[in-house]
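Structures incoming, each one as structure tokens.
Below are two complexes that have chain A in common, paired first with chain B and then with chain C.
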Partner chain A sequence: MMDKKNTRVYLMMVLPALILFFGFHTFPLIQGVFYSFTDYRGYGDWNFIGIENYINVFKDPRILNSYQFTFKFAIVSTILVNIISLTIALGLNSKVKFHKTLRGIYFMPNILSILIVGFVFKFIFSVFIPEIGQSFGIEGLAKSILGSKDSAWIAIVIVGVWQAAALNVILYLSGLATIPEDLYEASGLDGASKWQQFRHVTFPLIAPFFTINMVLAMKNFLMVFDHVVALTGGGPGRATQSISLLIYEDGFSGGQFALQSANAVIYFFVIVTISVIQIRFLQKREVQM
Partner chain B sequence: MRNKTNYITTILLILGSIFILFPVFITIVNAFKTPAETAQSILSLPSTWTFDNFKTAIEMTNFFKAFGNSAYVTFFTVILTILSNSLVAYAIARNLHRKAFKFLYFYLVSAMFVPFPIIMLPIVKQMSALGLMNLNGLIILYVVYGLAFNTFLYTGYVKTIPKELEEAAIVDGCSKWGVFWRIIFPILSPMNATVGILTALWAWNDFLLPLVILSDQGDRTLPLVQYVFQSQFATNYNLAFASYLMALLPMLVVYLFLQKRIISGVTQGAIKS
Partner chain C sequence: MLKGFMVMLLAVLVLAACGNDDTSDGGSSDSGSGDQVELEFFQFKSEAVNEFDALIEKFEAENPGITVVQNNSPDSDTVLFSRLSQNDIPDVMTINGGVAFGEVARAGVLKDLSDDALLDTVTDEYEDMLKRLSRTEELYAFPHSVNANGVLYNKTIFNDLGLEIPTTWDEFMALLEEIKASEVNPLMSTYGEAWTVLPPLNTIASNTHGMTFFDELEAGNTSFTEVYGEIAEKIKAMLPYAENDVFGYDYNMGNTAFANGEAAMYMQGVWALGPILEANPDLEVGVFPMPATNDSNSIVSGVDVAIAMAKDGDHPEEAQKFVEFLLQPENVEFYLETQRMFAAVEGAEQTDPALQELQPYFDAGDVLPFSDHYYPQGFAVDVMFQDYLLGGSVDDLLSEMDSEYERLSN
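Let's turn to the complex of A and B:
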């Protein structure tokens, strides 16, 4: 009897939250999937049209373009962010002066609004750097990189890496803190070089942190939105329109509610698939090392 | 060998930190300058530190209104998230051996993998139908969406709390609710802090959800205001920087004082995932 009463209390603890979660998360999710099989424009009548939207997703040049940009951006940023933050973390982990202050500075970007930081960077890219380029006569810098279809994405990578490195540095640092000091002493006595030490002692031991960082960074970069809005608004043309930005723009005001819903469903599967593949692959490597 | 200070690394790290601080530096010095001074040199310090830009920016963007909105949303999101999400996770963690609760756990946690754009279009229609295109609607969504990750964080923590503690209290005549609020909730404090910090950073800095959910001008949050005023700022950078600085400053000040807590909170949250 006691148990029954307890069960009722436990149910009362979860039920309100469960109902709200279903109503505000699962229900819209089902609706999104549902509308992806219709020709709904966001208002008015609609009909079932089967998987036509899904076929069109693969034919729509704007959607394909957004995937191309998003992947290019996410892959390059993920690699860069991991190289840079591991380097910084290794530096912070060695005997340095002002250790706490430096750590505090490197983590700061994580607490700032990326939209506002993006606006500041926009000024740096479009006004400050070209000015420097002009006054020193460096032709490569004299024009804003945001203005060209070929280079605008690099600016977004820079801002993305600037911010994401903060979290990754801290995560690598907590990984490095788990390595016992005597392991280095032992390998030091064996005459191992710094690089060998890193390759055979440090890296294998922080491999789980490498996995977390790769997966987290990739997943976050694939959802890039604020950076793009702040720096380019998706331009020039549609050169830097990310997948989320496209779903937002064309889904709300482009009358493509249904098509963009199908796009979002595919996007969902892409993110899950990539995360799972990354985890599988990287964990297998962890064991091998 | 490892006990000697590594000066080369220190210098390299300081040089690197300049790159991190540079945007903040640009923001601060130009927020105090006149357009003429900025045109002369972007990097130089202002000749006189005047607050004129701030005054104009405050009036133009209705800063205090936006600040109040951001503070309101962040405050209630954090409080309600900690109170509700810990309770839910507690009930789940104590019943994980049962199929229904185990299902519930995976149901909530798997939502972490659902990218927001897939629910973005329908949720806006739904919120509009419910008349919740306002700050309170925003708070509801943050609290509900936080459940996915926070259930995961809290459940792992509750499992480490021995059940004997509760049993003793029940013998003393405490109800299950009393057990949670008087015994479990205080023990959860370190996790409450982690969840509170992560939630505060999210609610304060978020841009996409306010962008799609808030319909009324008077409801705009700080990031949203910067976005809305972009076109007007384009003609006067100094005004823009004053406005950015005011929007960034509250979090910077909090960070200055709670740096250690914030770093450890965010790290814990990320490692658990």
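Let's turn to the complex of A and C:
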């Protein structure tokens, strides 16, 4: 009797969220998969065409190009973001002055919209830095790095890392807080240097946080969209066209809704596979306390 | 227990999905209060909302019994397309005469206007342009106002250096060379934003290959490789004369810089005059047609606003009345006072001094359409040219254009 009543209460709590989630997430997802087997343009009539879209995805040079850029960007950014945010977290975890205020300041980028951040950085890259370069006669800085096919992706990495580091710092900080102080005392008594302490005490103990940070950062960077829209719009040429941007642009305004749905389905499986592999691999080297 | 809930959940969702169609269908037009008729006017230009509101007010005063509700939404193409798919068509709508117009016209939801008496006052060239876009014998919209590409030039700089307006491609290149010898940047180019390559590209392409090219292309008698080599060379030949950071500049930066007198010329459309004069109201600016070839050159112009009606609207007579009102020369002229465009209707003229050099071309009907309106949907010609100008080879460009055309026209 008691049990049944409880189940009902819990169901009442879960159900609204479930309906919303199904209606606005799962249902459109299923629709997208469905349309990837048709020649739907986003409106009007359509026919089933089997797996033709999936074959065309692999033959399309623009899609391959966007995979190339996205992976280059995601791998470099993931590595940089983890190095930088772990370093900042270690610094903020020590008892420097104002460390609580500093924590707040370092979290700021996370609460700003990427589009706003992107537009500010666009101004810095295309107006501010070139002006400095011109007035000091530094050739390398005189032109906007957004205007070159070779360097535009670096600008996106800079903005991506600047913005994403904030959240990863917080995650690392909460990881560092879980390490008992006596471990440092014990290792200190054994004569371990600061580096040895980090290498053999700190890093192994925050390994679960390292795992989650690597997976989250990689997943977020693979889905990069706002940064590119704000900074380059995918240009110059197609140098910074990310997969998400290509799906959006060609799918909605390019009249290739079905082809890009197929691309999105494939990409969904790519991201899931990468995340699972990452978790498997990184969890192996975590230690249990 | 859980199963029961899941079934219920599904039922709710299915009902919700069905219910959607009912509510969206008849909602807009029936006001129900006796003989007062309400028309929906779907209007895509956010910068012209006030002008149309003023016109609506005048119309309502002349026609008691008809209320017109203007509906302006951002990203109007997408909104219109999704409403088309639900068969929820506005009574009267404006559409930009681009690729999207062709799609809407072919969907078979617009009223056929081919035999309408109003066409007598409409410039024939623009009628043909819209028919070519929809690829139909029938006409599905009235052209209302049209835009133009051209070379915006700084009159003060031209006077100071004693320069003359060029009329052939060779004169244009010589002019660029002459300005380059002075301290002034001859040309503002903003190819950091890909679409800004379109104004010069469209002018050169349309003047070089005319409109028959697209018929020949469709028939398989010609290719981009055969025709676009010369066009690509001309676009590249102008690049060294743009001394600003071409690929670091976007459209807004270009407008501001040109407004501040940082370049003698700027290849854009007449739509750029608005933001430029807003940035610097004192700028002495004029527009001349870009001389794309050494023969006689036409101005490249497209339908900016076309007016269409629903095929099976609830109030066809009232809608017709409103469209007739919008196309009356005095009302078009009222619209042109604030919008720097030209009339597609005879009897209405653009009087803005900055645009006077273009008006004779419109009077003579010496106009060609934008080439990029006739490529297949999704044909990213601007991105391909941006790529090419950043150091790609002509051969790569031409073969990419041909393969993209083949892929997208299937």
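Going forward, the second predicted complex is superposed on the first by the 263 of 289 C-alpha atoms of A that agree within 3 Å, B and C clash if a C-alpha of one lies under 4 Å from a C-alpha of the other, contacts with A are read in each partner's own complex, and residues count from 1 in each chain.
Keep in mind that, in the parts below, contacts are C-beta pairs under 8 Å (C-beta built on N, C-alpha and C of every residue); 3 or more make two chains touch, one makes a residue touch a chain.
These numbers were taken from a predicted model, which means no experiment stands behind them.
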Check the residue A:V120 against both partner chains and state whether it touches chain B (first), chain C (second), both, or neither. first
Tell me the contact category for A:I19 with respect to chain B and chain C: first, second, both or neither. second
Chain B or chain C, by number of chain A residues touched: B
Contacts of A:E181 with chain B and chain C, given as first, second, both or neither: first
Pick one for A:S135: touches chain B only (first), chain C only (second), both, or neither. neither
Looking at the overlay, does A:R238 come into contact with chain B only (first), chain C only (second), both, or neither? second
Return first, second, both or neither, reflecting whether A:D250 touches chain B, chain C, both chains, or no partner chain. second
A:F27 in the overlay: touching chain B, chain C, both, or neither? Say first, second, both or neither. both
By the touch definition at the top of the document, which applies to A:N47: first (chain B), second (chain C), both, or neither? neither
Under the contact rule defined above, give the chain A residues that sit at the interface with chain B and also at the interface with chain C. 7, 11, 18, 27, 42, 127, 252
Show me the residue ranges of chain A that touch chain C in the complex, using the header's touch definition. 7, 11, 15, 18-19, 22-23, 27, 42-44, 126-127, 130, 142-144, 146-149, 233-238, 250, 252-256
Please output the residues of chain C touching chain A within their complex, sorted ascending. 1-2, 5, 9, 12-13, 16, 77-78, 81-82, 84-85, 103, 107, 191-194, 245-250, 253, 377-378, 380, 383, 386-387, 390-392
Along chain B, where are the residues that touch chain A in the complex? 1-7, 9-10, 12-14, 16-17, 19-24, 26-27, 42, 84-85, 87-88, 90-92, 94-95, 101, 104, 108, 111, 113-126, 140-141, 144-145, 147-148, 175-177, 180, 201, 204-205, 207-208, 212, 222-223, 226-227, 230, 237, 240-241, 244, 247-248, 251-252, 254-255, 259, 262-263, 266-267, 270-271, 273
For chain A, which residues are in contact with chain B within the complex? 6-7, 9-11, 13-14, 17-18, 20-21, 24-29, 31-33, 35, 42, 88, 91-92, 94-98, 102-117, 119-121, 123-124, 127-128, 131, 162, 167, 170-171, 174, 181, 184, 188, 212, 216, 222-223, 225-226, 229-230, 243-244, 247-248, 251-252, 257, 260-261, 264-265, 267-268, 271-272, 275
